[in-house]
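Order of writing sets the labels: A, B, C and D. Residues in every chain begin at 1.
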Amino acid sequence: MPQTFPVTVYYEDTDMGGIVYHANYLKFIERARSTWVAELGVDQLKLKVEGVIFVVRRIESDFLAPAILGDQLTVTTETESQSNARWVLRQCVLKGSEKLFEALVTVVAMTPQGRPTRLPAELRAQLDV
Amino acid sequence: MPQTFPVTVYYEDTDMGGIVYHANYLKFIERARSTWVAELGVDQLKLKVEGVIFVVRRIESDFLAPAILGDQLTVTTETESQSNARWVLRQCVLKGSEKLFEALVTVVAMTPQGRPTRLPAELRAQLDV
Amino acid sequence: MPQTFPVTVYYEDTDMGGIVYHANYLKFIERARSTWVAELGVDQLKLKVEGVIFVVRRIESDFLAPAILGDQLTVTTETESQSNARWVLRQCVLKGSEKLFEALVTVVAMTPQGRPTRLPAELRAQLDV
Amino acid sequence: MPQTFPVTVYYEDTDMGGIVYHANYLKFIERARSTWVAELGVDQLKLKVEGVIFVVRRIESDFLAPAILGDQLTVTTETESQSNARWVLRQCVLKGSEKLFEALVTVVAMTPQGRPTRLPAELRAQLDV
């Protein structure tokens, strides 16, 4: 079952079209990923000190329907596939049962010098189902 | 030849990783699209009054290498394909000759009520090459 | 007693200094204001249709201490003074009991044409204590 | 004479009110400050490695008139006062000759540990007029 994460739409999220500015959906789903990673016991600040950072490598995103000020949205996040070095997640933004946005997100682990490295062991252990 | 558009990286664009926050590339390429559309003679404010807005429908984005504070980047934009109702653009963000980001962006025209409509005639005429 | 509103710090809020980018505190306190206004029974979308929008006229802001990724912050909001046309709020951002940010915010009501108008009656009634 | 810096308003800058979201003026003036500092020969990335970062301590901001999509704005920046540890700037955002926004910004220099330190010598030398 996907993890769920609530997002409320504020003024800052809207644009002159009266709806959520498209790039902000990427922020919404990043909040959900960070929260999920934290819930899995991964401390991103500690990891950074240890020399591992998560980097978004690819996002395929479909903008299906608009959201407006005050909307109470839900981000769903689930693992699509996972290897030692690569984590692919499917993330949706829903308004009630209506899907507004869907993305396939590829995350990799890197050293601060930008070299690929293995995903943290805690994460692999948790996800390896 | 693709249209080119300059972007400078400011503090607001960076995150705690010391690099440009991934979602901000979508802002960079949107600036380039808006500028190109204006150069083609399309006035988005006038269009909105006439009941046509551009909506991003899909973005496939690859994050290839990081950018940092002060970087002078170039966004290149070119038409990949175009129909009456749909415009697909390939947009890249370059640092010198190095490609940092690449996206395939599908834009559609809609009425304020959210129904698909034809792209503005000026735009179709300009792009129809 | 001031209204309180929770804010979590995400990647999008940080900058290359490793802390929350200063301008984002204005977003945090705007979320708290919008939420408070909604709790007072004021529907900003309905108001807009009726021709009244809230506009921030002045903000005096003090940046006292930094916040970092994952911080659970609290925004406190209380009325400092209020007239028919002008609402002055004091808003703080706290981390536990430590004050990180403080602002004095002046909000006015305007017509879509940019002329000052009276604050909505519901709001004046609620605030008139 | 104040330094001038151009800003164009893009979709990302607007909100559902159809105008520039208020907090974004703080981004506009930060771009101008960073550019001015760079023009004065101060390299913020080098400074950071040397253990000095600029921190905004206080901003008094007046929002005087709105800006809309496509507006070509000018940020003016000049020193209001300056000491060894503190730099106060007056910054305005203009549309033609109309002032849309004005701010008094206090910047201090700090160590990465958050202790106040002296402004970089290059900067003091340049500003000490």
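To be clear about the criterion, a contact is a pair of C-beta atoms (placed from the backbone, for glycine too) under 8 Å apart; a residue touches a chain by one contact, two chains touch by 3 or more.
Because the structure is predicted, anything quoted here is derived from the model rather than measured.
A.B. asks: Which pair wins on C-beta contacts, A-C or C-D?
C.D. replies: Counting C-beta pairs in contact for A-C and C-D gives the edge to C-D.
A.B. asks: Would you kindly say which chain has the C-alpha centre located farthest from the C-alpha centre of chain B?
C.D. replies: Of all chains, C has its centre farthest from that of chain B.
A.B. asks: For chain B and chain C, what's the span in angstrom between their mean Cα positions?
C.D. replies: Here chain B and chain C have centroids separated by 32 Å.
A.B. asks: Distance-wise, how many Å sit between the C-alpha centres of chain A and chain C, to the nearest whole number?
C.D. replies: Chain centroid spacing, chain A to chain C, equals 27 Å.
A.B. asks: Taking each chain's centre as the mean position of its Cα atoms, how many Å separate chain C from chain D?
C.D. replies: Averaging C-alpha atoms per chain gives centres 22 Å apart.
A.B. asks: Two-or-more-chain contact residues of chain C, please, as numbers and ranges.
C.D. replies: Where chain C meets two or more other chains at a single residue, that happens at 11-12, 16-17, 23, 27, 30, 68-69.
A.B. asks: Residue numbers of chain D touching chain B in their complex, please.
C.D. replies: Interface residues on chain D, with respect to chain B: 8, 10-12, 27, 30-31, 34, 38, 44-45, 68-70.
A.B. asks: Please name which positions on chain D make contact with chain C in the complex.
C.D. replies: Within the complex, chain D touches chain C at residues 16-17, 22-24, 26-27, 30, 48, 53, 55-63, 65-66, 114.
A.B. asks: Spell out the part of chain C that touches chain B in their complex, as residue ranges.
C.D. replies: 11-12, 14-19, 21, 23, 68-69
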